[in-house]
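Here is the structure we will look at, set down as structure tokens.
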Amino acid sequence: MRDAPSHGFASLLPLQTCDLTFTAANGSRLIHGIDLTLDAGSLTVVMGPNGAGKSVFLRLLHGLLEPTGGTIKYAGEPLSDAIRKRQALVFQKPVLLRRSVAANIDFVLKLRARPGSTQPDPVRRDELLDQVGLLDRAAQPARQLSGGEQQRLALARALATRPDILFLDEPTASLDPASTLMIEQITSDAHAAGTKIICVTHDVAQARRLAGDVVFLSNGHLIETANADDFFSNPKSREAQAYLEGRLIV
Amino acid sequence: MRDAPSHGFASLLPLQTCDLTFTAANGSRLIHGIDLTLDAGSLTVVMGPNGAGKSVFLRLLHGLLEPTGGTIKYAGEPLSDAIRKRQALVFQKPVLLRRSVAANIDFVLKLRARPGSTQPDPVRRDELLDQVGLLDRAAQPARQLSGGEQQRLALARALATRPDILFLDEPTASLDPASTLMIEQITSDAHAAGTKIICVTHDVAQARRLAGDVVFLSNGHLIETANADDFFSNPKSREAQAYLEGRLIV
Amino acid sequence: ASANDRSIIVQSTTSTKNSGLYNVLLPQFKKATGITVHIVAVGTGQAIRNARNCDGDVLLVHAKGAEQKFVTDGFGTKRHDLMYNDFVFVGPPSDSAKITGSKSASDTLKKIATSKAIFASRGDDSGTHKKERTLWQAAGIDPTPSSGKWYRETGSGMGATLNIAVGMGAYAMTDRATWIAFKNKRDFKVLVEGDKALFNQYGITAVSAKKCPSVKTKLAETFSAWLRSKSGQSAIAAYKRNGQQLFFPNAVTN
Amino acid sequence: MQDVSSAFWIAFGLVAGLDADLLEIIALSLRVSLFALVISCLIGLPVGAVLAIARFRGRSAVLIALNALMGLPPVVVGLIVYLHLSRAGPLGWLNLLYTPTAMIIAQAILITPIIAALSRQILEDLHTEYAEQFRSLSVPAHTMMQALIWDARFSLLTVALAGFGRAIAEVGAVIIVGGNIDHLTRVMTTAIALETSKGDLPLALALGIVLLVIALTVNGLVMALRMTAGRQAYA
Amino acid sequence: MQDVSSAFWIAFGLVAGLDADLLEIIALSLRVSLFALVISCLIGLPVGAVLAIARFRGRSAVLIALNALMGLPPVVVGLIVYLHLSRAGPLGWLNLLYTPTAMIIAQAILITPIIAALSRQILEDLHTEYAEQFRSLSVPAHTMMQALIWDARFSLLTVALAGFGRAIAEVGAVIIVGGNIDHLTRVMTTAIALETSKGDLPLALALGIVLLVIALTVNGLVMALRMTAGRQAYA
């Protein structure tokens, strides 16, 4: 079984943003001219206080929001439908279909199935559910799951697409310690198999465990990008220092 | 300003459950005969793996679900509308009205206003928003808030009812470190002012900081209740030990 | 409409209404008397029924038997002949039953029945429908077993029945006023006319205050009397569509 | 088919000419149907909201009945109103038969179940989202109803527009209780029925086109209002 | 008012007697309206779904037009179908005028906009919830439409029932294209109109009651089905 990229296409990386800007319909600027390059090889963790714009930033990278300024390039190519199909995003608040747990996975498997084979593959579905510890819940309505179970299902659904780039928005926010470690393991495995992981988290310990490099946002600005070891041992910006110390950033 | 109980009514405590049982419509038993007494004076933290039944348990205590067996008593009285009105619950997935941030608070203030005064009190609303750091967002649609901001708004809304018992279901799951400390401070303050806090969390560090006593659930069973110091230094049950060590509980 | 306004309600057949006759009569009447007349045009049965419920001050229909029963039951003061015209048979020019030029209504109906040509009957118990049934009876034919086959009972007003006849190329019997005023004739023509049996008498009856205390009998009588007076009768005679006179006044003027 | 194209020309002429008679008919149509709509919303929305939130024995039966009442035949409604308002009827002394008021009553009876049944569905869908939060806050039923109706107001607009459409297009009921009396109770639909029975199909169609233009205008105005409101306050 | 009570007795007698003529009329009413409903759903639901998810220039205009079409007057629909199917019309050679097929066509035209407009609203409400997730998964439009319709199927039932109600209660269009011909195209509503014009109000009302009983039965069956389905699969 592989959750890693399933094809021999060219890499999507490096991911480069240039003066990336986003202004909401109500006129407030949520992302201020971010210039950033993310390469293959290292697991990227995005950190920053609540309301910093982390979720908006992921949405922009994944093409769910249209930048109001600047550019996003994947291996030099502008974001296209073909590129978007090779990405997956686990939302901070997962939206599950009003169907059973299994049907939520089946929906995605059918979507990504080779043309011709319209039946989702039950073996792969069960593998995925097993991986996130939900196999015995396959028949249950997805919306009845507990908070942590829903988050795990959303991750399994994202893995079902075998993405080249996986965006995770606080994937373990309401998971118990064991599930958290389980998800971290799955994430590391995917990373090792060549999937680029870009993960938002507030859990500093988790960030330390996972991160290869850290992107720190605050107030819509890119404050700092650094190698993880450097960032945690010696954050350069005042904002990152305050964040790590649990102080309010003013 | 006081967020503590606003009246001289008799205490709702002790809270006692006797053989509390809940079986879902699909026949699966989610809560298995829980006998528990919670007293005033100590802040209670509820812990347990994902799917243990923590959220269901809070719903039962708050009267959102009808027990299919056993009893719940507040200071010897069965749960009534009058008692429910003196409680508040911050949901794991907060449901905000499709209105502005301010209107979400106003809705509750109007609801709890003395008969006759139909206008919500703008001063108190601003105090509440300020307390959770959302004052400058008052006019924004609540559903546009970031994940962490939504969670803080939900807490402010619960505080607006000046509850005697406050149930918190993972209130800091997606908060940044500073906001987490801020919410912990608000919680401790409310506790100090006499509000009984019953808080679900997966964050062991947080539980250590807050808990006076711990209730540990697993698989719908009450596994252990203990003084916090005892629980963290020397958990008695195999399940609690495994949980604290981040091992999967089988 | 409060009780003291100078307005009355006439329960009328649709044929008089659709012909446009009221458009010339009512302004003249209003000028002469100051009374406003409201026309409710419905099926004959419904008109009589409404009048029995005291929801009209005057009844103007063409079903003599039913009108007389209305009066003997005490709902009307007196029924008066007002005017007449005649019924005609219309149909497509192809005329598969070859009824063109038939001398009598009986002949016409026999030809239609034997050739099983489609015939659109009102089938709504209206004055016209009652007349048609009498004619079938006189011809010695019972068309009802063929209902739904060549005998199509439309259960509709005259105009709707003509629309249907035109739509499916069926024969139909209609009063001349409706036909002349009717605009959806296409290639349809009058094929049979002139038989005495096709005579069509309109009557007018004021609703009686004995059964219906709320009716404005006085105003109703004024309307009835005016229509039967010289000015009313000549106004009826003067009304033409496409150069043709639609109604022939025959009230007994006094 | 020539009729259809000539109908467009006639309709154009009618609108361009702004005939006083036509204006009178249009005004009455709008007055009657909008009035009936307001009454139906005042009754139907609360009924829909109550059924959306209340759980009681026999609720399914009530929902079945309410949904079935969407199939209330206009002629039957017309007859029932007629029998009540007729001078021989219990309310005959009100002298309402053959007046616009009678038409408003008939249309309101006709569309209230539609408003109630459709808004029930929309409010219930929203309620599944809000229910626990409301129950946690011990929100009283009437506040809950208000909040649901307010927060679903933009979706409910479509329901109201469905009711308006049904009312403005309706002929069976208004012709019985209104009588289609010239200059008194003639509305667009009864005028169309009259011209049809006269065989003047192009004119009937032209009036139909005018009626659709009216419906379009009303819908356009509502949409414009909705967009202004949506921009000012938050949806 | 006596008429109303006697109507109940007559209605009772009609149902108890199970008159063959009445059964024929009931069967045709159901056949025509259910058939029209199926066609309207087959067209209206996808249209509603497309409008719920698609964002394009002029979308507001399309929505205004669609909502306005809920106010399509039945008589006008009847006339347009009549002019097409009439001997002189472009489709005259099909010989469909005054057949149940013509009535089905007319009713389908009448209720398709209603199904489309109302389902658009319900599907759009669900779509605001699903939209980002779908877009993230690059779900193609037709799969999205299917998923929305499937996941909202219980709410859409109310829309379908509204369409059914409109169809079964409708008289203006079917009487023009069907002709209310005895034993051929007479349905409940045209029979009611006929008895009304004959002045037999109790019989007309009785037929109205029977019609409502039919509507109740259909709604009851649908509700029973829905509950069985809701119990078996997950909503």
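We call the chains A, B, C, D and E, going by the order they appear; numbering starts again at 1 in every chain.
By definition in this document, a residue touches a chain if its C-beta (ideal position, glycine included) is under 8 Å from a C-beta of that chain, and two chains touch if they have at least 3 such contacts.
Note that the coordinates shown come from a computational prediction; the quantities given were computed from them, not determined experimentally.
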Practice problem: Count how many hops through touching chains it takes, at the least, to reach subunit E starting from subunit B. | Solution: 2
Exercise. Work out which chains are contact partners of both subunit B and subunit D.
Key: none
Quiz item: Compared with subunit B, which chain's mean CA position is the farthest off?
Solution: C
Practice problem: Could you please state the distance in Å, as a whole number, between where the Cα atoms of subunit A are centred and where those of subunit C are centred? | Solution: 81
Exercise. Go ahead and note the Å separation of the Cα centroids belonging to subunit C and subunit E.
Key: 36
Exercise. Find the geometric centre of each of subunit D and subunit E from their Cα atoms only, then give the gap between the two centres in Å, rounded to an integer.
Key: 17
Quiz item: So what's the Cα centroid distance for subunit A and subunit D, whole Å?
Solution: 49
Quiz prompt | subunit D: positions in contact with at least two other chains | solution = 89, 196, 201
Self-check item: Residues of subunit B touching at least two other chains
Solution: 140
Quiz item: For subunit C, which residues are shared contacts with two or more other chains?
Solution: 50, 157, 160, 163, 166
Self-check item: Chains grouped in pairs wherever the two touch, ordered by label
Solution: A-B, A-E, B-D, C-D, C-E, D-E
Practice problem: Would you mind writing out the residues of subunit B in touch with subunit D in their complex? | Solution: 59, 62-64, 81, 84-85, 88-89, 91, 94-95, 97-100, 107-108, 111, 140-141, 161
Quiz item: Across the complex, what residues on subunit E touch subunit C?
Solution: 82, 85-88, 97-98, 175-176, 179-184, 186, 190-191, 193-194, 196-201
Practice problem: Note which residues of subunit C are touching subunit D in the complex, please. | Solution: 1-3, 9, 14, 17-18, 38-41, 50, 52-55, 157-160, 162-163, 166, 181-185, 212, 214-215
Quiz item: Hey, which residues of subunit D end up touching subunit B in the complex?
Solution: 129-130, 132-133, 135-140, 143, 147, 151, 234-235
Quiz item: Considering the complex alone, what residue numbers of subunit B touch subunit A?
Solution: 24, 26, 48-52, 54-55, 92-93, 133, 140, 144-149, 152, 169-170, 173-182, 202, 204, 242-249
